[in-house]
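My structure is below; once you've seen it, I'll send some questions.
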Amino acid sequence: MNHILEIIGLVLLLIGGTFLFLGGLGILRMPDTYNRLQTGTKATTLGGMSVILGVGFLEPDWLIKTLVLVIFIALSNPISSHALARANYKRKNYPYLKGGKEYDKYREVYQKEEEEETA
Amino acid sequence: MKRVLVISILAVLGAYLAEALFQLDFGRQFFQNGVKDFYLIASPDKLKVANVITAIVVNFRGFDTLGEVTVLFLATTAMGSILYKGRHKLGERAVLFSASKIVTTGSKLLFPAIILLGAYVFIHGHLTPGGGFQGGVIIATGFLLMLLAYSDYSVSHVVLSVIESLAGITFATIGLLGMLHGGTFLQNFMATGVLNNLLSGGIIPIIYITIGFKVGAELTGLIYTALNEKD
Amino acid sequence: MVQIIIYISLGLMLTGIIFSTLRFVFGPTAADRTVALDTLTTISMAALVLLALVYKRYIYIDIALVYGVLGFIGVLVIARYLEGAL
Amino acid sequence: MEKTQTPSRTASFILAWLILFLTWLMFTSTFATQEVVTGLITSLLIALFTSRFFTCCNLSIFSPVKLLYLIEYLFVFLWALIVANLDVARRVISPKLPINPGIVKFKTKLTTDFSKMVLANSITLTPGTISVDIIDDTYYIHWIDVKSLDPEEAKKDIADKFERILLKIF
Amino acid sequence: MIFYIILILLLLALMVAAAIYSIVQKDLLYAVIATGVISLVLSVLYLILQAPDVALTEAAIGVALTTIIFIITIRNTVRYEDDEKNRQKISKSNKK
């Protein structure tokens, strides 16, 4: 039984390390802030979760505490990335669009606000 | 040319100073059998504290900790008195607008958990790393989260100063009780319990709880005052 | 076996840290740099837990816990400043 | 609109105490008497002044049907997270960067703040999407590979599988 | 063992690089983010060197508290260190 837990833990460690690496590579390669947030958030969330759970499986006494960490990551990581994305749009850093302007539906909200301000 | 002159003069002075400092021995003869052995043996054996650093900070060197807390208190008071000009009315806040629904709802959920984490850190100060100061900082950061998320969240200065004063008075009283009991400030006068239990270490957990409350209240007040100050 | 896999995992994390530092240096806007800080926070949190395993100390996990919670607030502070709310 | 009513003060206080005490047990992860008693007292004190924030759900969240849905949600979410990461890996490694980003919008049927937050967080962690803003009940989603600009179809692709379960829980 | 020495050296190099960046940088907001990176890496280094108390203190103070204090300072003063607009602003306020 212990042996199986150990193997699961080691596999989780490897998967987690790979995804953390991919997160770093992703924010280096992507063309604009939103896409960097996409890769960064997802990859580091799953990577961090699986490394921490892997440590929990390797030392079964620690499992409960590692679960707390996993829950905290799953709650706080998307909130901070959402706050960053919204802040970035509010600073008028518009996303990189391949297909043209009609692909950005969020712009109309700000256009409305600007019209209200000028009027 | 001027710079070269200055640098060379500084280098000569520095060399003299360094030589003089190396010749001092800083009372090295007293440190032959320093106090480290005493601390390492006494804290688990006599005081039943698992975290030696805690025992040093709060018990053996507790008077210094009182000084540190006083320095923090003075700094907070000075900053508050400089920044607070008595002109902030309701509705004139420095955090201009609330964050989006996601951030506000998320901080509602996370804020109690962060306060609990701070309480956990300072209650377990004698068993795990951390202690009163760190726990207090975590609690203050929890309040910072609410202040960031809501533009109309406010903390009461009166309540904060009451908590702070009560915590400070408790700290000093426990120290004086130790003086009555054993002759030195913060001498342990309670049962020490069993090593690695929560209720162990005599007065150390109580002192850490008071430090936690005091630091938390002070830093919360500092952040609140600084956030609401605006030119 | 366990040692080797821990080494590989730590090495991958270190590469991730270096990549995000590069993004931190090159990133054209402040938001890009904050994204790098966010990524760094999560990676180092995982690294702290893994180091707790290396040293076999249960209490080291507390540090990762504090770190993860407060790092989130640190990112939020900068995001709120960028948004214009502070 | 029965679902939007806020729970009574007692209900939210009991919920706060219970959740905080469970968190304390997970922090200490022992059942020693001293720890449990200290945890009860500490979580009571904290619940006294934070219970007004626990407006997420009534006590009926503990009914077995809802718990079953919660577990189903957990599995759907985990599967989506894994798919999302494989997707990210494919995009990052492939040298041509196959992306076609854009921001789409759709309306949700959810009513409470808490369920909207959960849905937004789930969207952020699932394949190729990140929630940029939420105004009343309109979500604005940054999509790394836009398949459709139509709100209905976008919703079908992004949010339907979560919303179906969330509507039953909250 | 050699692995951990290499790890420590790399992290130290990273920390020193971030520190130099935060000093040289003219945009003070970037400097503040760099301070965040420094305290992050420093905390990991303290843990590798087995000083958990110091690591916890560094994590608690360096990550959020110093950031908010620096950000408040930037908000109340100027964001760019050496800027023409700032000079005008400063000289105006001096004339007052």
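Which chain is which? They are A, B, C, D and E, in the order written, and residues in each are numbered from 1.
Operating definition for what follows: contacts are C-beta pairs under 8 Å (C-beta built on N, C-alpha and C of every residue); 3 or more make two chains touch, one makes a residue touch a chain.
A quick note: this is a predicted structure, and the numbers were derived from the prediction, not measured.
S.K.: Touching both chain A and chain E: give me those chains, sorted by label.
M.R.: Chains that touch both chain A and chain E, as defined above, are B, C.
S.K.: Looking at B-D and A-D, which one has the bigger number of contacting C-beta pairs?
M.R.: Higher C-beta contact count between the two pairs: A-D.
S.K.: So what's the Cα centroid distance for chain B and chain E, whole Å?
M.R.: 21
S.K.: What's the distance between the Cα centroids of chain A and chain B, rounded to whole Å?
M.R.: It comes to 33 Å between the two C-alpha centres.
S.K.: Chain C to chain D: how many Å between their CA centres?
M.R.: Roughly 23 Å, centre to centre.
S.K.: Determine the centre-to-centre distance between chain A and chain C, using the mean Cα coordinates as centres, and give it in whole Å.
M.R.: Centre-to-centre distance between chain A and chain C: 12 Å.
S.K.: Quick check on chain C: which residues sit in contact with 2+ other chains?
M.R.: Each of 10, 17-18, 34, 59-60, 62-63, 65-66, 69-70, 73, 76-77, 80, 83-84, 86 in chain C touches at least two other chains.
S.K.: Got the chain A residues that touch at least 2 other chains?
M.R.: 22, 25, 37, 41, 45, 47, 61, 65, 68, 72, 75-77, 79, 81-83, 86
S.K.: If a residue has to touch 2 or more other chains to count, which residues of chain E qualify?
M.R.: Where chain E meets two or more other chains at a single residue, that happens at 52, 55-56, 60, 64, 68, 72, 75.
S.K.: Would you mind giving me the full set of chain pairs in touch?
M.R.: A-B, A-C, A-D, B-C, B-D, B-E, C-E
S.K.: Using the touch definition from the top, list the residues of chain B that touch chain C in their complex.
M.R.: 94-97, 99, 103, 110, 113-114, 117, 121, 127-130, 134, 138, 141, 144-145, 148, 151, 227
S.K.: Within their complex, state which residues of chain C touch chain A.
M.R.: 1-2, 5-6, 8-13, 15-20, 22-23, 29, 31-32, 34-36, 38-39, 42-43, 45-46, 49-50, 52-53, 56, 58, 61, 64-65, 68-69, 72, 75-76, 79-80, 82-84
S.K.: Taking the complex as given, what residues does chain D use to touch chain A?
M.R.: Residues 23, 26-27, 29, 81-82, 84-85, 88-89, 91-93, 97, 99-105, 120-121, 124-125, 128-133, 135, 140, 142, 144, 146, 149 of chain D touch chain A in their complex.
S.K.: Report the residues of chain A in contact with chain B in the complex, numbered from low to high.
M.R.: 72, 75-76, 79, 82-83, 86
S.K.: If we count contacts the way the header does, which residues on chain A are in touch with chain C in the complex?
M.R.: Contact set of chain A toward chain C: 6, 10, 13-14, 16-18, 20-25, 27-28, 33, 36-37, 40-41, 44-45, 47-48, 51-52, 55, 58-59, 61-62, 65-66, 68-69, 72-73, 76-77, 79-81, 83-84, 86-88, 90-91, 93.
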